[in-house]
Amino acid sequence: MTKVCLVIGAGAGIGGNVGKKFALEGYHTVLCRRSDQEGLDRLVVDIKESGGEATGILLNAAKEDAIEQLVAKVEADIGQIEVVLYNVGSQIGNRSLEDTTLKIFELGWRMATFGLFRLAKALFPLMEERGGGTVLVTSATASVRGNAGQHSHAASMGGRRMLCQTLNAEYASKGIHIAHILIDGAVDAPDTLGKMIGPELFEKLRDAKGREKDGLLLPEKMAETYFHVAQQHRSAWTHELDLRAFSDLAWWNHAP
Amino acid sequence: MTKVCLVIGAGAGIGGNVGKKFALEGYHTVLCRRSDQEGLDRLVVDIKESGGEATGILLNAAKEDAIEQLVAKVEADIGQIEVVLYNVGSQIGNRSLEDTTLKIFELGWRMATFGLFRLAKALFPLMEERGGGTVLVTSATASVRGNAGQHSHAASMGGRRMLCQTLNAEYASKGIHIAHILIDGAVDAPDTLGKMIGPELFEKLRDAKGREKDGLLLPEKMAETYFHVAQQHRSAWTHELDLRAFSDLAWWNHAP
Amino acid sequence: MTKVCLVIGAGAGIGGNVGKKFALEGYHTVLCRRSDQEGLDRLVVDIKESGGEATGILLNAAKEDAIEQLVAKVEADIGQIEVVLYNVGSQIGNRSLEDTTLKIFELGWRMATFGLFRLAKALFPLMEERGGGTVLVTSATASVRGNAGQHSHAASMGGRRMLCQTLNAEYASKGIHIAHILIDGAVDAPDTLGKMIGPELFEKLRDAKGREKDGLLLPEKMAETYFHVAQQHRSAWTHELDLRAFSDLAWWNHAP
Amino acid sequence: MTKVCLVIGAGAGIGGNVGKKFALEGYHTVLCRRSDQEGLDRLVVDIKESGGEATGILLNAAKEDAIEQLVAKVEADIGQIEVVLYNVGSQIGNRSLEDTTLKIFELGWRMATFGLFRLAKALFPLMEERGGGTVLVTSATASVRGNAGQHSHAASMGGRRMLCQTLNAEYASKGIHIAHILIDGAVDAPDTLGKMIGPELFEKLRDAKGREKDGLLLPEKMAETYFHVAQQHRSAWTHELDLRAFSDLAWWNHAP
């Protein structure tokens, strides 16, 4: 029986790398992202060439019924979703209150909070019936502290964290492991950070902090921890953990 | 010049009592609630008979443009909004994931999170131009921990808390004082708790914990703290505080 | 019957000002500090000249039996301790691990954590028998986050915060109100900050942030909130709150 | 070159199992505990029979110079300490304020807080010189919330958590990985929980929650996560995580 690892939000960073890790460990990975069929194909080909199984699906998670249909389709056509990575974020850089339109604010919530709720509504009854499953949620510093310019991001990720705790309180004892993985730093991810700040700045950042300095979070290394959490024995589950580069200060610290 | 205290979410509990306190201290209090014109009138009459000024307005905060028009109208017709109490909650009692529809989940967000964001968008430019103002936000335990059955409530209040921190980070230095007041317990409020659990159970609860036992939060006493926070000198502002009855355990404690 | 407000840690900043506020509201204030009889006398004289009652006592809170004897003596000679402000800190500026000796680390604990525990041991049986009392604890950012150079300060204040929660869980229902007041910023206090950074830097800081800019916490304004918390009705007690100047970012925020 | 995993606080629960895991992965494990030479020998023999290397040392961590001499001795006689597990707790069950003597309170601090500080003072200069190391700290719910009867435990573990954050802020960028592992539930550990509640109650608890129900944290499963954290790539370190059995509510949740 094919066991599926479903990745919602699969760029060349966390999503792609976690998906690949699970594929190499025997899961059929289903990678979903909003756009860029070519980029998606590259991720799928890479996994296949490494000996894993993968499928790519373009998906607008904010669209009505999109997540619900995805779950149904994957379960019908590919296999049981044993692990899902919810990796859709709402980071849009810093925008003042004035520059954050009602539409942007709502979209952040649709992607970061509502999407996870819809996923749980669609998937948890199936997981519960099968006795369990794992939901890995990529989270951000904004889930635990608001900051200037983070109206949409902080409100949606803060809501998401409370939703994760709610889901955990209701479903952990039914065998569904929900893990809230707080990424507290810049990820070496061309598809997200790279696009947000532009390729030039991104290369500069890589020179300054990344590469052999290991000061940017490396997605393929993060994937090790995502995978470990999904394998934890049910007598010892982690609900919340953080990840940051060794050379970064934690969000609660300031440079002296 | 008339200075206004605007209360969004004004029942016979926190909203009504905080509004009355400010009215007795010289503000013109504008009380808004979704329904029950009669109940609203009673609150207004009570304030007037106590020597204060008050206006009542029925308002559906979740409706498009409702909050924006309210702010414009109050500023045009009554006076400058110096203090606003955002007292709209999203508590609907415990509902399992299955019983929490997409619509309910979204409505919780519209009322608890989006409404505050819209209020800030409409009001903060005015307050900033005048050099300041105060926003008191009634919050709940659900803003800091998710719990079984609290999908809509926790996600929306958790998002709201992060929004408050964001607004504070962006606007405190411009003179706008945002206070997040976490109510950690049952309030002796017939219009909210009383309606949620029904009049009979509410009277039983009052007999068991409330009345001379002071084990239910008394809104007229809470109002003292709301008012104090709004009067704090700008060199010593409180952003977050909690309120609970002396005989209640804090949310993080369990009965031994 | 004389009701006493006991201040342990009374310099010309928070301790002295909170003590004065309570004296002006009818308490006999007992001010204790480790050294500087002259400075202590000045505080006492100032209160008396303002029409309040006050007594000054030099006290080494870290010394064996000192706190226990103080409580006994005040109760025997002056009156019932209804309110106590525990204002002893352990801030010594930033010191690297290497420069923090075992002795310094232990002293921080003796002053910030152990002293409060000893006070509770000595005082709570009396308060419990009388049906209640109030304990105001001045706390610091270090109680909720460690930071480079803060070994002694963070460990002792973090321990103190958990002790406050423990005392609250055990004694709130017995009528003892414990409030943990987190001061998140520099206080305009010549006896503590002024001594730590030296008079010259302190004056520069006052010019840069303080004075009419209100960017340093003003102790006489903070005292208003300390007093308010002590007066809260038992149906609506605050256990934790923060205080910072409007122009300061909260500890969890960074300059953009 | 022998690489050492030093375990301070090695009973038959977390300490022994984490030590064994590291031994099986190629470390020489040094197990330290206060008493019970026989029990200690059993752990060492078990590791050796499983093909690992181990040494047992009786150690009173609260004694002056004990930790400092241990570090020196292990480094001189066995090898470089690459990983250390600080597993000394201060749990003594619930004791009221009255029943918690000054001596007990101080001992809790000596074991849980001061011992870790002394370890860091002795070990970090060596680790820093070598470019890094790992410190795993077993923590408890009491590190994040005080509770009735937890005076000594909460104050010492709360202080310890802030110390961990301080050490992390100062040393992570120097290659020392400090992980604060919050154990939020009962561990299936005969040497600690078993001794605290007695063998009879412990067996009953095992029948009710443990064994095939997996409702007690299994130390050999927890050891997998301890080991994983120590192996994380420096671009993606975890500083804080929690562990609890799937069937347990998190500390912040209550039974409905």
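Order as written gives the chain letters A, B, C and D; numbering starts at 1 within each chain.
Following the convention adopted for this analysis, a contact is a pair of C-beta atoms (placed from the backbone, for glycine too) under 8 Å apart; a residue touches a chain by one contact, two chains touch by 3 or more.
Quick caveat: nothing in here was measured; it's all calculated off a predicted structure.
A count of contacting C-beta pairs for C-D and for B-D identifies C-D as the more extensively joined pair. Chain centres were defined as the mean of their Cα atoms; on that basis the chain farthest from chain C turns out to be A. Taking each chain's centre as the mean of its C-alpha atoms, chain C lies 34 Å from chain D. With centres defined as mean CA coordinates, chain D is found 44 Å away from chain B.
Contacts with at least two other chains are made by residues 144-145, 147-149, 165, 168-169, 252-253 of chain B. By the touch criterion stated above, chain B contacts chain C in their complex at residues 165, 168-169, 172-173, 175, 177, 188, 214-218, 221-222, 224-225, 228, 231-247, 249-250, 252-253.
Contact residues of chain C toward chain A in the complex are 94, 144-145, 147-149, 251-254, 256. Those residues of chain C that touch chain D in the shared complex are 96-98, 100, 102, 105-106, 109, 113-114, 117-118, 120-121, 124-125, 142-151, 154-171.
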